[in-house]
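Below is one structure; the comments refer to it alone.
As written, the chain order gives the labels A, B and C, with residue 1 at the start of each chain.
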Amino acid sequence: MKPLLKLFCVFSVVLLMAACGNSKAKEADSPNKGEKTVIEYWHVNAETQGGKAVEELVEEFNKQSETTEVVAKYNPDMYKGLMQNLQAEAAAGKSPAVVQVGWAFLDYFSNNFQYIAPQEVIDAHFPEDKTFLKDYFLPNIMDLAKNSEGKQVGIPYSLSNPVLYINKNLLKEAGLDENGPKTWGEVKEFSKTIKEKTGKFGFYLQEPADNWATQALLESNGAKMITDGKATFASKEGIEAYQLWRDMILEDKSAVHLPWDQGVQSFIDGNVAMAYTTIAQRSNIQDNAEFDVAAIKSPSWGGKEVRLPAGGAMLAITAQDEAQQKAAWEFMKYLYSVESMAKWTEGTGYVPPRKDVAEAENGLKTYLEENEMMKAAIEQMDVIVPWTSFPGDAGLQAEQLLLDVRDQILGGNVSVKEGLEKTEKEINKLLK
Amino acid sequence: MEAIQTFAKPKIIKDHWKAYLLLIPSLVTFVLFMFWPFLYTVYLSFFDWNMVSPTKEFVGLQNYIDVLKDPITYKIFCNTLIYMALLLIINCAVPYVLAFVIDLVLSRFKNFYKGAIFLPSVISLVVGSILFTWLLNPVSGPAAIILGWFGIEMPVWSKLDGWVITVLSLITSWKIFGYNFIILFASINGISREVIEAARLDDIPLWRIFFKIVLPMSSSTGIYVFIITIAQGLQYVFTPIKVITQGGPNYSSANTIYHAYHEAFVLYRTGHSAALSILTMAIFLLLLILEFKFVERGIHYEN
Amino acid sequence: MKTNPLIGLSWHLVFIVLIFILLFPIIFAVGTSFRPLEDAYNNVLQFIPLHPTFENYEAFFTSLDVARIMMNTFFIAAGITIFKVVTSFLAAYAFVYLDFKGKNLLYFLFISTMFIPFAVTMIPNYLVLSDIGLTDSVWGVMLPQFADAVGIFLIRQSMKTIPPSLIEVAKVDSIGHWLIMKDIVLPLVKPAVTSTGIWFFILAWNEYVWPVLILKNVENFTLPLALQMYISSEGGTNFTVAMAVSVITMIIPLTLYLFFQRYIIGTFTSSGIK
């Protein structure tokens, strides 16, 4: 057995060296392939969520560019995973050229990583694009990519907002208006009726590892997550809003308290009548639900102004040298063309950040006519606000505290008032 | 003591370089990729760092103090103990008994059982976690539907204290049960048949045979299974925790391994995470020392 | 041998239930991989598909270079296994049959590596590998995994059950350690070595946390990384395709196990004295 083992060893070592040699040669960090500048584009889009669109866009860009070649890298585990990989790269002294930065990481990113604001690159090398950003993007959208010091870190790219998906069949069965509830009060009533009349759960509000939907719920009632750098969500309005959700789960027992994928799964297979989650889930829901499903606008609180945090990410330029930075903008400009934006929306369900895409003929006009479900999300664009990221180094810890109290409240371990007030105090201590 | 006593002194000097030669490959790997990072982590535990910024702020023992003062730390240590207990029962005690039963009590279908039991071990826990999230969906999953037929409503296990640790332990056990079982079976199978037969002829009840004969004679493997279930079990549970609950609800499912990861890679509190890791390791090393001192003696090695 | 047949029967029942619990998820996974996603959502219990389809496998094979990914995974798993088994065997032998200064301390240190949480080793190891320029390569994945205390532990335990009398005979005849290792000890610990090898292979094959940090280009991915591409919390996991990928991932380790089963459950001669 031993001589065989030795032979195996030698053989494998040889094979492995060959394989290693192969991949090393490819990895040889030459930023110039022939004449073209090669840049890395880091994204989080899995096959099920835009991965194909990324491939197509990158391929088409590479075909038409004479100066730049883009290599796309997929980062598992969404924006958090991308951040982890970015850290490892930075620790090793390297960085890609263009990255998608999730909103939750806006401040952490701008405080700790080397980046260059897109306008700077434009001003230095692309005078013809000087007013590109001003012309094509609404101010409230561009503001999304400004950090807590007001600096324009990047450009919004993937944009989502929360919508209410409804199971029209279940609503009809319960004798309710099949156009769905318009206010949060109606959501509670509808939910209760559905549970009584059909036995199925009435409502689910998404519970990922972030506070996005919670922010929509609270801020639409007039509460503010942060005011002047301090946490202020435990106001009367905030408590009232949270109370409604809690009561639906614990008192009416009409809403369900589940992790995100299980909650969405239960909506799709018809066990929950309404689901409040991101428009990015549209194709997953639309393709697999066997009932009459619609997506309607986020409910409001009486007459108050709805405020919805933007989901998704922005594109930032992390390239260090000039040639890479120029190539980065060339690629980004391509991604922001009307056709590319349309393709992106069609492939992901994200809403285009650029203002003229929705109505353009070569944009989304026909697509929207056929796809009713996107309408609500696009119509809500004017009430989009930045997704709150707590400032400073303790920002992510603050987010975690909110997640912890969510489980405590919805699990019935603490009252809404006590939970929110305690957490608000703790967070403000952290933010110093 | 395995030192071969029949040899004269000169041989021992010769042994030295041979021994080190044999140990060098493992040693180098461990030094570079285990001990060096460990020392680096000790170093990091005295700083406040967020993983990326070029400056680290020296804070002395503050991280350790924070960890020891934090009530969450104790909840997590408690969870870790519960995980260990559950994992040991399911993956050490139970396979021991079952391996014994298959070897000495049953006479048919043995190979089928063995093969089938090992099967889940080849599957990754990532796949397992995704699979069980689907299967155990309390509202729409197959398990919930079947329980529904009996009028039982499935508890939302991923949001309930106690339930969550139990289910995550079961999911992890699904994978590691098979390997432990096979190892223990091989060991029990290797016990001389004559001794067992003699005991049987003497009408000694099976449970006595298990405790007085089988257990001691397979103890070298038994202690191995015991230790790796603790060490690896805790590391394996990490995957379902990460995929399904991320330590929630409110840290009810986090153990020290997961929490150290969470602190470092989700909250970017590197120093804090390092302190937690060092404290955890200190405790495990203590347990390991105890094992070396007391248990190794009691283990049966041939003659 | 007077075994009460009722006892035998109840034990059989225990095993049947156990096996059902262990195997049902796998059968479910395989069945689901042949169903369209919409079907999986809406006919939850129907895990044996009435109208099986290959669309999930097609989706997988058309979107990625699966052959290349499988090769990557195989190289890495095989490489790690060979290195770990060899280094473990050598080290275990040294700990059992040789006497040297600091033996117990060194053994203790080796075993303690099993308790080092990988959150501790992730970033420093990445930095080291990046300095040597081995990121995004199979070597980068394998290098930190050339040795494993678990293997040393098991093989040592197995070696210790060999009666020292066997070795004494060889030593009296002045046969060198090399030959003792090769001709006497190795054959006797074959089951331990083989089961360790299989376990290492399976672990390396399914490994995720370390490769995801090191490997960058999709063409260098391993199967577990490829699986991640079908999982997205934001857009919803494509469960059926994920199951198809999982089934493909399962096949090789499974085949290996079935093939090597005999070695693991190998029969010992009662005392090993030949």
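Following the convention adopted for this analysis, a contact is a pair of C-beta atoms (placed from the backbone, for glycine too) under 8 Å apart; a residue touches a chain by one contact, two chains touch by 3 or more.
Please read all numbers here as calculations on a predicted model, not as lab measurements.
> Applying the contact rule given earlier, which two chains have the most C-beta pairs between them?
B-C
> Taking each chain's centre as the mean of its Cα atoms, which chain lies farthest from subunit B?
Chain centre farthest from subunit B's centre: A.
> Find the geometric centre of each of subunit A and subunit C from their Cα atoms only, then give the gap between the two centres in Å, rounded to an integer.
Once rounded, the distance between the two centres reads 36 Å.
> Averaging over Cα atoms per chain, report the distance between subunit B and subunit C in Å.
The mean C-alpha positions of subunit B and subunit C differ by 15 Å.
> Which residues belonging to subunit C are in contact with no fewer than two other chains?
44, 86, 123, 231, 237
> Going through subunit B residue by residue, note those that touch at least 2 other chains and give them in order.
51, 134, 140-141, 265
> Touching two or more other chains, which residues of subunit A qualify?
84, 87, 91, 261, 265, 269 - these are the residues of subunit A that touch more than one other chain.
> Quick one: which bits of subunit A touch subunit C in the complex? Just the residue numbers, please.
Checking each residue of subunit A against subunit C gives 1-2, 5, 8-9, 12, 15-16, 19-20, 23-24, 26-27, 44-52, 71, 73-74, 76-78, 81, 84-85, 87-88, 91-92, 94, 160, 208, 260-261, 264-265, 268-270, 278, 280-281, 283-285, 287-290, 348-349.
> What does subunit C use to touch subunit B in their complex?
1, 3, 7-8, 11-12, 14-15, 18-19, 21-23, 25-26, 28-29, 44-45, 47, 83, 86-88, 90-91, 93-94, 96-101, 103-104, 106, 108-121, 123-125, 128, 143-147, 149-150, 152-154, 157-158, 160-165, 167-168, 171-172, 177, 191, 195, 199, 202, 205-206, 208, 224, 227, 231, 237, 239, 242-243, 246, 249-250, 253-254, 257-258, 261, 264-268, 270-271
> Under the definition above, what is the set of subunit B residues touching subunit C in their complex?
2-4, 6-7, 12, 15-16, 18-20, 22-23, 25-27, 29-30, 32-38, 40-41, 51, 98, 101-102, 105-107, 109, 111, 113-128, 130-132, 134-135, 140-142, 145-146, 174, 177-179, 182-183, 185-186, 189-190, 192-194, 200, 220-221, 223-224, 227-228, 231-232, 235, 239, 256-257, 260-261, 264-265, 273-274, 277, 280-281, 284-285, 288-289, 292, 301-303
> Which subunit B residues qualify as touching subunit A in the complex?
It comes out as residues 50-53, 133-134, 137-141, 156, 158-160, 244-246, 248-251, 265-269.
> Once bound in the complex, which stretches of subunit C touch subunit A?
Listed in rising order, the residues of subunit C that touch subunit A are 37-38, 41-42, 44, 59, 63, 71, 75, 78-79, 82, 86, 123, 126-127, 130-131, 133, 135-139, 142, 182, 186-187, 190, 212-213, 216-218, 220, 225, 228-238, 241.
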